[in-house]
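Here chain A shows up in two complexes: once beside chain B, once beside chain C.
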Partner chain A sequence: MRYGQKGAQVRRRPGTGFLAFILHRGSGIILAFFILPHLYMLYFLKDPARYEAIRGVFINRMAVRLAGAGLLALVLAHGLNGARVMLLEAGAPSRLQKALFVTALIIGLLLLAAGARLMIAA
Partner chain B sequence: MRNLGATGFFLERASAILLVFLLAAHFIVIHFQGAGEDAWSHGAIFLRLSSPLWLVFYIIFLSVLLYHGFYGLWGIAVEYVRRVSLLAAIRACLVAVSLALWASGIFILANSQMLLANPPALCYKCHARGSIPSYRAMRFFGLHRPWQGAQTERALENFPASGKDVESAVTDPRLKVLSFTGSATVGWGLKRLACDK
Partner chain C sequence: MEKDRVKKFRIKRWDPERASKPRWEEFTVSLDPFERLLDGLIRIKDNLDGSLTFRSSCAHGMCGSCAMKINGKNALACQTLAKNTPEVVVLEPLPAFPVIKDLVVDMDPFFEKIGRIMPWLLEDGPPPERERTQSPEEMKKILDAIKCIMCGCCTSACPVYRAGKDLYLGPASLVKAARFIFDSRDAGWEERLEMVSGKNGIWRCHSIYNCYEVCPRSIDVTGIISRLKRMSVKKMLLPPRRPG
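Right, the complex of A and B next:
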């Protein structure tokens, strides 16, 4: 069987591989850009009162806590998918790719449930 | 990502594996303690930053994270953009932004070391937290009683400690101010200890 000549396009076909690819890429981009606001908040560490005031807003808003859990979801989606990609590259049989995706999904959801519970709890 | 060359490809994977451990440590110590907990209060962060081990941890974390993330963005650019001049511009932007972010992170860490060296005021504020992992880690490295050290005039706030450790802090003659939140029994107990010395 022959794939298209344009190597990069091969991955852009519907299916688990495509879904995994989009999830990995999307979460990677968002996480990379998240470093900026995160560092900006830490910048206020030089002023304890200011930092604690900002932290207070974070603690008291449920929306912010939920966003934190969302960030964990992104990290898990990206990290577990990355592990799956690396396993396949290292020689795991590619017929297992769907099974690996489902395994990553289950592990991710379990870790997310456990982590989000801790992050949202007051 | 396939177009990065063998070294780039390998380093992207190596940094990814490192990130699994770094991110796990970061989330467990900071974010899994509950939203309202002390783990990321100003005092708790500064207590961690007073240990060279945590300082090194954050420098490595910052560097690996920025390398992986921005090299990943570069890999995406290489995949979509064909024009060489545009690619060169994108590359320059990515390098500039990642270096600026790295410098900001290092600046924040350096600033914290300056604040630790010249604390604005002496202030001990204990929160008894016998079970949290950051406390356990600090005890492992022998850093759980930060008031017993060479640096005598250091400011401390909101640090995690077990009951026994708090006792030794409260009876320390250098203690000037004690503020406590918790049960009445413990509060009065601490007050008695503090006044008896």
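Right, the complex of A and C next:
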């Protein structure tokens, strides 16, 4: 059965389009919160030696590398979902929306696996 | 009652004039696998509880009166066969619209939004002596949009509409607008396109596809809205001409 029951009310499992929308919107909001302070910090960090020193502190920490992989996941989720919406709004048939989401998910996971491996091993 | 024909109808009932909150009631009826849920509702009203309130008219999926939330998904009760539902059928009024009583909702806000897009043919010359003709190719451009029966399933399933129902025109209004914008006989396409390209129109659609999934007439609602988006962009970038 497609529907799960909760109390008397039946809650419909969210559709693919809704999941894609939440993923797209959620990743976009998190990226915005990351990018703004990131750009702000880079703007004021004008001394190359100081930049390298700070980079050196961060780059060798595993937690930072894992966070980098997380950032890659967010960028992939947002970018690939954005490409999916653009394709659909540019005229791709609506019946392909689920297939496009699954394709984006598979491409995203493959790129994430390859990218995260490089980032963590570096 | 034959066991395999027994259906339990769990219905969300509410009379806002008499009760502060809704309640759930269950009714057991026997339904042939090829009978519709609407037949079950009529049987309940006739034999078990005459106070149960729901809308129905044509009973053939043409009027849209019996739109309701069936097992969590907006659909027409007259189109849903008993054999395609589980033993327990949960019925709720369409979400996003104010409840009048039980499964009857106030569709006025919905029709007010449709009214805003001027759902009638606009002419720029004298009326012809006979009918306004169209070629089969011209008709194909509006074939999907003219199937709309304005049941409200799409608008009520749209999370954007539910989040800002006072603002967003909603998918049904946009489909109705497209029905005239792409109609070769209509002279008001520019005015209509400008209206739906405004802040409460097509750009509030996030291509979530709920409308497409619930439409009982299988209209490509999100696809039609995307077509309007493309035309709106084209109109902004290119000299105005009758959309293709």
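What we mean here is this: the second predicted complex is superposed on the first by the 104 of 122 C-alpha atoms of A that agree within 3 Å, B and C clash if a C-alpha of one lies under 4 Å from a C-alpha of the other, contacts with A are read in each partner's own complex, and residues count from 1 in each chain.
Basically, contacts are C-beta pairs under 8 Å (C-beta built on N, C-alpha and C of every residue); 3 or more make two chains touch, one makes a residue touch a chain.
Note that this is a predicted model, so its numbers are computed, not measured.
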*For A:I35, select first, second, both or neither according to whether it touches chain B, chain C, the two together, or no partner.*
first
*Tell me which partner A:F18 touches in the superposition: chain B (first), chain C (second), both or neither.*
second
*Thinking of the overlay built on chain A, is A:Q97 touched by chain B (first), by chain C (second), by both, or by neither?*
second
*With the two complexes superposed on chain A, say which partner A:L88 touches: chain B (first), chain C (second), both, or neither.*
second
*Partner with the higher number of touched chain A residues, chain C or chain B*: B
*Kindly classify A:A73 by the partners it touches after superposition: chain B alone (first), chain C alone (second), both, or neither?*
neither
*Mind working out whether A:I54 is in touch with chain B, chain C, both or neither, as first, second, both or neither?*
neither
_Residues of chain A that lie at the interface with chain B and also at the interface with chain C_ = 8, 25, 89
*Note which residues of chain A are touching chain C in the complex, please.*
1, 3, 5, 8-12, 15-18, 20-21, 25, 85, 88-91, 93-94, 97
*asked:* For a test of understanding, state which residues of chain B touch chain A in their complex under the given definition.
replied: 2, 13, 16-17, 19-20, 23, 27, 31-36, 40-42, 45-46, 65-66, 69-70, 72-73, 76, 79-80, 101, 104-105, 108, 111-112, 115, 157
_Residue ranges of chain C touching chain A (in the complex, touch as defined)_ = 10, 12, 24, 71-73, 86, 90, 92, 159, 206-210, 212-213, 220, 222-223, 226-227, 229-230
_chain A - residues contacting chain B, complex_ = 7-8, 25, 28-29, 31-32, 35-36, 39, 42-43, 45-46, 48, 51-52, 55, 58-59, 65, 68, 72, 75, 79, 82-83, 86, 89, 115, 118-122
